[in-house]
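Below you'll find the structures, each written out as structure tokens.
Each of the two complexes below includes chain A, the first together with chain B, the second together with chain C.
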Partner chain A sequence: MLKRKRFFFAILAILPTLAIFAYVRLYPIADTLRLSLFQWNILSKNKPFIGLANFRELLGDHLFLDALINTTIIAFGVLVLTIPMAMIIAAMLFHRTRSRMAGFYETAVFIPHVVSLVPAAMAWKWIFDARLGPLNALLDFIGIPMQNWLFDPVLSVICIIVLCSWQALGYAVLIYLVGFKNLPVSLYEAAKLDGASGPQSFWHLSIPMLKPITLYVSVVTLVSGFNVYAQAFVLASDAQGAPGRQVRVLVLDMLENSFRNYRVGYAASEAVVLLVIVLGLTLIQFSMLRERGKS
Partner chain B sequence: MTFETMRHTEQTAEELAEGVRLRRRKKLTNLAIDIFLLSVSVLMLLPLVLLVANAFKTPAEMLAWPPTIVPGDPTLDNFKAVLSETPLLRWIGNSIAFAVMSTIAIVATSAIAGYVFGKFRFATMNVLFALFLATAIVPFEVYMIPLYFQAKSLGILNSVWGLLLGYLVMSFGIFLIRQNVIHSIPDELLEAARIDGAGEFWIFFRIVLPLLRGALGALAVLAFFQAWTAFAWPMIVTTTRSSYTIEVGLALFQTGFTVDLGRLSAASATVLIPSILLFVILRRNFVQGVASTGLKE
Partner chain C sequence: MASVEIQNVRKAYGDFEIIKGVSVEVPDGAFVVLVGPSGCGKSTLLRMIAGLEEITSGTMRIDGRIINDVEPKNRDIAMVFQNYALYPHMTIAENMGFSLRLAKTSKDEIAKRVVDAARILGLSDYLERYPKQLSGGQRQRVAMGRAIVRDPKVFLFDEPLSNLDAKLRVQMRAELKDIHARLKTTTVYVTHDQIEAMTMADRIVVMKDGLVEQVGAPLDLYDSPANIFVASFIGSPSMNFLNVHVGADRRCVVTEHGVQLPLAAEVAASPETVVTYGIRPEHLFVTTADDGIPMTVTNVEPTGAETFVQGTVDGQKISAQLRERVIIKVGDVLHLSFNPSNGHLFDTDTGVRIG
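Let's turn to the complex of A and B:
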């Protein structure tokens, strides 16, 4: 009787949240999967089922493939820059936890992660600006030829990687810092007694022991890298000033297909590709964690 | 300290010298680490500092090399120009309204769902929780196009309600509160209240919520910043100039050909300064919230 009453309360309490959740999350996710199999032009009434034709078309779509390659390069570029730097900075921060400056260091590293994307991207747009930017002025000052950072196809990808890494670093440092704080102190003391130096115990103790954290941060960084949009939108306008055209990324291509070309079904199939990538990355993380648990 | 000096008296002169050398080396290492961390911090902050500085500069000074941190001839012209050309304050107002409402919605839904999933372990509830968790890894960008059509059919495009639709629930928030409920609210406490005849609603509002204050605070800060920095969703939901959030407004403003650097910097600074201040004030909450995301395993 009592149990029944509690069950009734639980259902009643969860119902509003569940309803919202179903409406704003479950339904649109299911709709994305469904739409990806249809040809839907917003303007026309009928919506024919076309099976996997959208996906087949994606394979030959240069704009999409371009976007996929750019996005992948950006995601892995951010990963390669962020993880080692975050680990080293977190190790140093952990070493100086008790210093009076620790709070300042932590805040300074973390601020780029929380400030609004667009103003922060604007700061970098100015830094990279070919005519007005301090980066070219610096290069000129030390005698290196100036570069057309934001209009060169390769350099502009690098610019986006730098901006995204600058933003991702604070988060990674924070998670690593939690990891360092949870490592057993006794192990480090033992290593010290055996004559291991600081860098040695970092290399042989910290890095292997932090592997689960590294996996987690890597997947989070990659997933947010694959969703990159605002950064490319602001930094990579093409010569006509059209935002985001210089470096096409997945989300931009998807939104253009949906709202400029009115091909919603096709855009949904791009979203499904994004979903598959994210699921794949998460599965890799879980299977690597389990492998570790076994050994 | 006394223990150490006592030990040292028994050491030979050689060992003493060794100890001094080691301590000096440690000090030098710490100094080197401090210098490293200080330069990292400065590099991280420099782009933002320069941007804010640019906002107060005259066009001539902005081109100076090396760039000045403190403007030699500070001016408010850039701010005046931006405020007269764009509805900047309106955009900031939209962003604040959106972020506050999203925070309230996320805190409310997470508190209730987290409590139910944490303390009512019926099979049905476990299935529902698994459902919430499983969809947590699906990025917003994947399902925002269908969600846009839902907002459209509700007739709430170009409004705060439309913005809110995408930011009503947060899987991670439910997860965070559930963890807190399990770890910090003992079953005995709830049972005792039930034996005393307290109703379930009374227990939730009078016992559970006060105990969750810390976790809800951390979640609120996370939710606020998440909405405040949202970009893709506001970008598609708002298409009229008066309904933009600050992120969308600025992103579209900067694509204009006639817009100069001073005005862009002024507009950016207007947004950056309050959000940095807010972050510095709420840093502890924020760090607590973000740090708990890494503790999933």
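Let's turn to the complex of A and C:
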């Protein structure tokens, strides 16, 4: 009897939190799923059910497919660049933990994460600028031909990957740093006695022991990579200067379909595809984490 | 196998000196235990031998070679840590073979040496398991196995049994001694447990506040402690100390209110000199009422085989470990006697043994 009373009290106690969570988290997802099966022009009261027609149309929409490919390349590019760099930088910072400059190093790496997206992207736009940018000036100085960074279809994607990685790095380094601080010192001492050099300890001990951190950071990085928008919008304008056209990404495509083309149902189906991709990748990563826990 | 020579070694962190000039010799094949209370510098000294701590000054040699600036991996030593320091993501076989893998030893050779070490330590059935799947005692053995496969010149143990329960500790003590007897590798072992030191060591180095208090065989330290610290640290229960003064004939010492304690030989100190008299609880026995020193009983702890009695002699606390069965209660006066040759006399000011 007491147990049941306690149970109801517990449910009652968490109900407000659950209600808020359901309203701000679950309802939008459920509504997006619902909308993806309808045709709706945002203004009309008429919202006919069209089943999976939106999804069928997506398969033949080259703008969507371009956006999907670009977004996937950017997300994985950021992941591939961020994870090893974050791990190495965190290892170096950890090695210098006792240094007087440790705080400065940590702040320097973390600042890009807290800087506003648009001004940061504007700064990078200047760095990559073909005529006035310091990157091309440097290339010219060392005798390498200057590049049309933000207008070349391949280079512009790379530029976005670099910008996104620069922003993601701070957070990833911070998480890795916490991971490094939690690794037992005696293991490294044992490895030292076993004959391991610094890089060997990093390879044989740090990387495997930081696997849970790596999985967490990769989930966060990948999810934010798939949600890339502002970076592409600011950085990659087409030849006429229209923002975001050079490198079309999924969120931009959704926004255009929703608020420029007034095809909310169609945009919702794009959102569902993005959700499925991100969810699938997250599930894969967490199942890897669980498998490691079992072993 | 190799000898370890430590000559006037010091270790300081800034102005704070942890090791204040220690000299110890560990003969080839010996099992030497560094023992002392927490903070005495014993683990620091061991870590200096391992190369995990820099030597501020002094010289350290392994097999005659100065190793002050030699990298840990090139010292040909193996160390067992207090928390075992096993690599959690590697199997037991991988843990044990890690050093050989780094040394680019062939896979067959690694497998052979791991299997041999596992057989010695009774770990053959666990080679494919992970550390977290083993008990504390098994992990401890793996840590030793990791040391054994390297076939080092010197084994270093940093309080390896302190994480084990009492029963397992006794068992592992015997196993460690057995392994040392078989391998005959020079061993330096750190512990704060004097029983571990007494039961395992060929030689004990007693340390306090970064200095060596005494070096010697376990029974030498027990029978002839160099000072009050060693006398109180070695032996369990701890030695009784009584504040006394030298008697007129210098063949006995006397408490404040005239209780006489006989000495085995005439003491060099002049009569009336204030000294400290030490007698171990196990060297006291019950005697007749007229004879011996009168102890007023304050606590009785019968354990079956022995009875621990605590009380006061002339107002000073004293305890006795009696093997005979005695029926006594708190408040009784018990008359105790002892063989004068078991008594120890120390200078009260310096703590140094004088008789």
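Worth a mention:
One rule holds in what follows: the second predicted complex is superposed on the first by the 267 of 295 C-alpha atoms of A that agree within 3 Å, B and C clash if a C-alpha of one lies under 4 Å from a C-alpha of the other, contacts with A are read in each partner's own complex, and residues count from 1 in each chain.
Basically, a residue touches a chain if its C-beta (ideal position, glycine included) is under 8 Å from a C-beta of that chain, and two chains touch if they have at least 3 such contacts.
Since we're looking at a predicted model, the values are computed, not measured.
When the two complexes are overlaid on their common chain A, residue A:K47 makes contact with neither chain B nor chain C. Of the two partner chains placed around the shared chain by superposition, neither chain B nor chain C is touched by A:R56. Touched by chain B in one complex and by chain C in the other is not one residue of chain A.
By the touch rule above, chain A contacts chain B in their complex via residues 5-7, 9-11, 13-14, 16-18, 20-21, 23-29, 31-32, 35, 89, 92-93, 95-96, 99, 101, 104-112, 114-120, 122-127, 129, 132, 134, 137-138, 141, 166, 169-171, 174-175, 177-179, 198, 212-213, 216-217, 223, 226-227, 229-230, 233-234, 237, 241-243, 251, 254-255, 258-259, 264, 267-268, 271-272, 274-275, 278-279, 282, 289. Looking at the complex, you find that chain C touches chain A at residues 50-52, 72-73, 77-79, 81-83, 85, 87-89, 98-99, 102-103, 130, 146, 150. Across the complex, chain A is touched by residues 29-30, 33-34, 36-38, 40-42, 44-45, 47-48, 50-51, 54, 62-63, 65-67, 109, 112-113, 115-117, 120, 122, 124-125, 128, 131-132, 135, 137-147, 149-150, 165-166, 168-169, 171, 174, 200-201, 204, 225, 228-229, 231-232, 235-236, 246-247, 250-251, 254-255, 257, 261, 264-265, 267-269, 271-272, 275-276, 279-280, 283, 286-287, 290-291, 293-297 of chain B. The residues of chain A lying in touch with chain C in their complex are 184, 186-187, 189-196, 200, 204-205, 208-209, 211, 295.
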